[in-house]
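Here is the structure we will look at, set down as structure tokens.
Think of it as A, B, C, D and E in the order they're written, each chain with its own count starting at 1.
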Amino acid sequence: MMPVTLNHFLVLSAMLFCIGLYGALAKRNAVAILMGIELMFNAVNVALVAFSRFGPASTVAGQSVLLTGQAFAIFILTVAAAEAALGLAIIFAIYRRRETIDPDRLNLLKW
Amino acid sequence: MTVRLDPADAAALIRARFPEAVEAVDGFAVRLATSALVEVCQYLRDEPSLAFDYLVMETAVDYIEDDYLELVYVVRSLQHNREVVLKVRTDGRDDPVVPSLVDIWQTAEFQEREIYDLFGVRFAGHPDLRRLFLWDEFRGYPLRKDFLPLAQ
Amino acid sequence: MDFVAFYYQYIWNLSSMWGSVLAWLQSQTGLPGWAIYLVFGFGGALGAFLWVAISNIILVFGERRLLGRFQIRFGPNRVGPNGTLQLIADALKSVGKELVIPAGADKPIYVLGPIVAFIPAMMGFAVFTFGPTMSPVTMDIGVLYFQAVTSLTAFAAFMAGWSSNNKFALFGAMRAVAQFVSYEIPLVLAVISVVLVAGTMNTLTIANQQTIVYALVLPIALFVFTIASIAEANRTPMDIVEAESEIVAGYHTEYGGMAFIMFYAAEYTHALAFGAMLNVLFLGGWKLFWLDQVLPPWLLFILKSYFVFFILIWMRATFPRLRIDQLMSLGWKVLVPLALVSLVLTSAGMLVPGLPLLAVAIFQWVAAGLIILAVLSRLPRRTNREEDMRARRLAAQAAMTARTAVSAQS
Amino acid sequence: MTELGPVIAFWVLAVVAVVAAVGVVGSRNLFHSAIFLTVVFLAVAGLYLVLSSDFLFGVQIMVYAGAIAVLIVFAVMLTHNIQAGNQEGRQWIPALGLALSLFVVMAVVLAAGAFPASSTMAALPESNTTLIARALFNPYVLPFEIASVVLLVAMIGAIVIAREERG
Amino acid sequence: MALKTEPFVVNIGPQHPSTHGVFRVQLTVDGETIVDLKPVMGYLHRGTEKLAEEKTYTQCIPYTDRMDYLAAMSNELGYVMAVEKLAGIEPPPRAKWLRMIFAELQRISSHLFAAATFFQDLGGWGTAIMYMLGRDREQILDIFEMTCGQRLTTNYMRIGGVAQDVPPEFFPAVRRFLDDMPSRIDEYFDFLADSDLLLTRTKGVGILPKELAISCGCSGPMLRGSGVPWDLRKTNPYLYYDEVDFDVIVGQNGDCYDRFMVRFWEVGQSLRIIEQCLERLPDGDVRHPFSPDFVSGTFRPPKGEVYQAIEGPKGELGYYLVSDGTTAPYRFHVRAPSLINLTPFREMCIGWKVADMIVILGSVDIVVGEVDR
């Protein structure tokens, strides 16, 4: 059986990231864009956790840094939650005012 | 005890203000001219010594022999505990029109819709004159005396 | 007697019995380790599922009979002895029904809805502690796992609600999202108090550590957890998601037959899961005075969980429903602050050197007493029936006299 | 990672994650996209379990599947009538090109052996959850606090933005 | 939800657990908040008024039973009083006292049922209250049954009296009911009216201002709940209501709670009235000597028209009859309190949540048989 290595996780992460990137760039609906961004966050998290588990165990100043990647993943998760909440709040606010959430038509700042 | 305002007295009260309004008086009701209905009712409601603030009931009767519909309004003053019955005759039975009293007594809303539904009296100025009980495609007005259920 | 004692020890500890069975199986068949592992896993899951299935039957029947009693009537008592076969009859009838998919429904999601409803409620059972060493899965993150998987029920609600192409269902779905997400916060905050005191998220350790049940140590957290889990389990008086007097049946309005049974069973499974979790977190799982020396722990655990469920039935038979905005403000303005108070007090108590548990208990009870006092003093004076009636009558009489005077003048 | 169980689990979860991710961007129905997104979240949670990161597994399900995905579905429901579809915008071709080329670049970097192709996972001295707690509250306590503040600010901001103006 | 979303239209009814029959409400909601509302009725329209034009005066009595089927006695009472007024018949005193007893019993039963369904609408499905109130109502229905053989559609009142005298077991049964009720009312007060959840759900909800109530022609507990002490039994006494001692109950705020409480306390007042009726019930005939009952086909009231109203449980129940001197009424119109009390329904509901709409509808206490006729 072919062993699963760090690279497997990284390729998976890259695929998820690129799909998310496409979604974030190409979609016409703000909610769909948000979904793409969430996908990218997840991809990054997968990579981080994989790094933390496959990397060499080491200690810095007596503390294990084995799980640095996981700690970072938790921070990213926090930020993603904050981003989702704020993003959706903004989408609601815009929808209320403009009755649309198509970013192409939200060009109020352009002239 | 609710005092039934004698129709003759009521007619006198109305005549004092609107000489042309009263068409006839009998033992039960005061019959008003259709054109004067709204302003008489407005007066009855707003004049503090009368204060007929409560429309008890509004309905219609089909007098097919004499070729008219008669609308009956029972009006009451909660403040003075008095009651008077007003009547209005329509002009013929084909597409009769009567002014609506919704603006004076809101309770007329459903009752006028009911009359429209069952008698086919149109109320000018009614905000939402649709059939109340029967479906919109129903043809004919069931409470008219010449309505034949199977012939619709 | 040795014979009896030998078997009693197996009955006492089902997991050791299961382990012996597996060991015997391996020695007899020589299966590889992973196959035994699979058998072990599926067997455990099957056991939990059986328990849930039997419990559902017992609880649904018990609830119907009990509600009947509460309502001065008999409840189902015709089919079978004392009505015990009523549920089987109902289930057979439901199985025989056609599964109607409404026109315009989002078919795949519509079909998935009831299945998704059942899975998360069922998954939570993995971490329950049926005895000192008996837990289907021992996880370091047991409590977190339970909260995480049960939070997925919101999905079932809005998958069903959205896909049904029915406005009542959509209402139910929206309410479900609002309610479940809001009540997750006080629920988790209340659990954190327990985790702080226990120093672990492992359910087995938490239950084992409760020499004094945490219900006595953490009354505020217990209160918050109870209320929030009623809301999460979607039971009256907080079942606005499927409030039958307003939105017919909420998100599962369009489901009939077997699909409806799935939702129904999921609801009871969910409620049972929260009852059992309350038992684990606050009532010490299988512990019950000296009885745990006599009876097998799993039996006590099950009975205690049923007792918690009985309290849910009792509440159902007592309270009418809240309105959605009142429910929301109860969650955000009452339960979340209470849970935070409990959290702060618990952490403060943990900082006290020596006796942290006693310190926590003292802090919590003092705070609980203060809160109750504050609430009592702020409560509007209850209406007195004589006064209420006299006020209403006097008002009428006064107005009536005034009117007679007026009409006498005119 | 060479044992049978985790390897099978990895491949199943990876395929599920990628297919569902394609579903997220490919589905015409925004609601389906949101459901697919939830599947991605759950598959990623499963991958965390494969990487024996139980705590992240729990947090991932709770935060992503339990909260963020629910919020997104809620948004889809509330803004449904205007934006029923999930169409691509004008710049979908450049987006596709960019995404593909980025993937190619990353694949090349990985193929060049930028990271050691280690298949062994580091042994954990104690339970994963304890280790995370140590990591969060010792070396990373400052970021942890900042993250908390970010969350608080985001919550307040979201409430302020989404609140209906009165009067 | 304070989110402005697409307003959408929901049909509550015609088949819905809480619309008290086949009544339909077209709601336009924004999230959960009601923006607009249209009551739609007619699903139970049986054309009673048209049917009555084909029947003799006595044959009309059972038709009135089927309008407000929860208050058949009151409906009959109003109708026979209208016919008596038209024909100038005076029923014997015993009949009038009996009529009062039955009208008040019917009022109690109707109010109890209203309270039970009201609590049900609040979501108290699992609670015992419906069955508790049902138990009391059952006692009343038993009394009806022993008197006239029917429980709901009693057909007991006759033109010029009542169908027959009450049986001997009637008095102990009523006595028992009168003895049981006061303590039960106390119990219900603690259980219902003083329950915090009920207060939260109903206090301040669906306020009907006095002026609107008057303008909309509301009557009965709706009008009194809004603080207008208008009770036809006091202001326009019929039968012997001016000779018995009772109080009119009014509310202060006009919210759902007040309407509920007005009904609640009126039960006690009705008990008082029944008590006095039993004391003063004279011996004698229960029929007018020239009662047209058995010669129904030949009863011809003189030409004329009449409007007669009584205070029914739901409000002012009026009958407008036109006689052309034949055996059938020329025009038979019912002033149905349920229909007219629905007039301000829209104003009361707008701005409240869907759940409140159900509560408000419950506090209006309609019977669709009477709304649609």
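Definition applied: contacts are C-beta pairs under 8 Å (C-beta built on N, C-alpha and C of every residue); 3 or more make two chains touch, one makes a residue touch a chain.
Computed from a predicted structure; not experimentally measured.
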Find me the chain with the mean Cα position closest to the mean of all the protein Cα atoms on display. C
More C-beta contacts across C-E or across C-D? C-E
Using mean Cα positions as chain centres, tell me which chain lies farthest from chain A. B
Chain A and chain E have mean C-alpha positions lying a whole-number Å distance apart equal to 64
Indicate the whole-number Å distance between the mean C-alpha point of chain A and the mean C-alpha point of chain D. 6
At what distance in angstrom does the C-alpha mean of chain C lie from that of chain B? 60
Cα-centroid distance, chain B relative to chain E, in whole angstrom: 25
Check: chain D positions touching at least 2 other chains come out as 4, 55, 59, 67, 71, 74, 78-79, 82, 128, 162, 164
Chain A residues touching 2+ other chains are 92, 96
Going by the touch rule set out above, which residues of chain C reach two or more other chains? 174, 178, 403
Give the list of chain B residues in touch with chain E in this complex. 1-2, 28-29, 53-57, 59, 61-62, 72, 74, 78, 81, 85, 105-107, 109-111, 114, 118, 131-135, 142-143, 147
Touching residues on chain E, where the partner in the complex is chain C: 1, 8, 10-11, 16-18, 31-32, 119-128, 130-132, 135, 186, 189-190, 193-195, 197-198, 200-201, 224, 227-229, 234-235, 247-252, 261-262, 265, 268, 353-356, 358
Residue positions on chain D within touch of chain C in the complex are 4-5, 29, 31-32, 35, 38, 54-55, 57-59, 61-62, 65-67, 69-71, 73-74, 77, 127-130
Note: in the complex, chain C contacts chain D through residues 34, 37, 106, 109, 139-141, 144-145, 147-149, 151-152, 154-155, 158-159, 162, 170, 173-174, 177-178, 180-181, 184, 188, 201
In the complex of these two chains, what residues of chain C are touching chain E? 67, 70-73, 167-168, 171, 174-175, 178, 236-237, 239-240, 243-248, 313, 316-326, 382-383, 385, 388-389, 391-393, 395-397, 399-400, 403
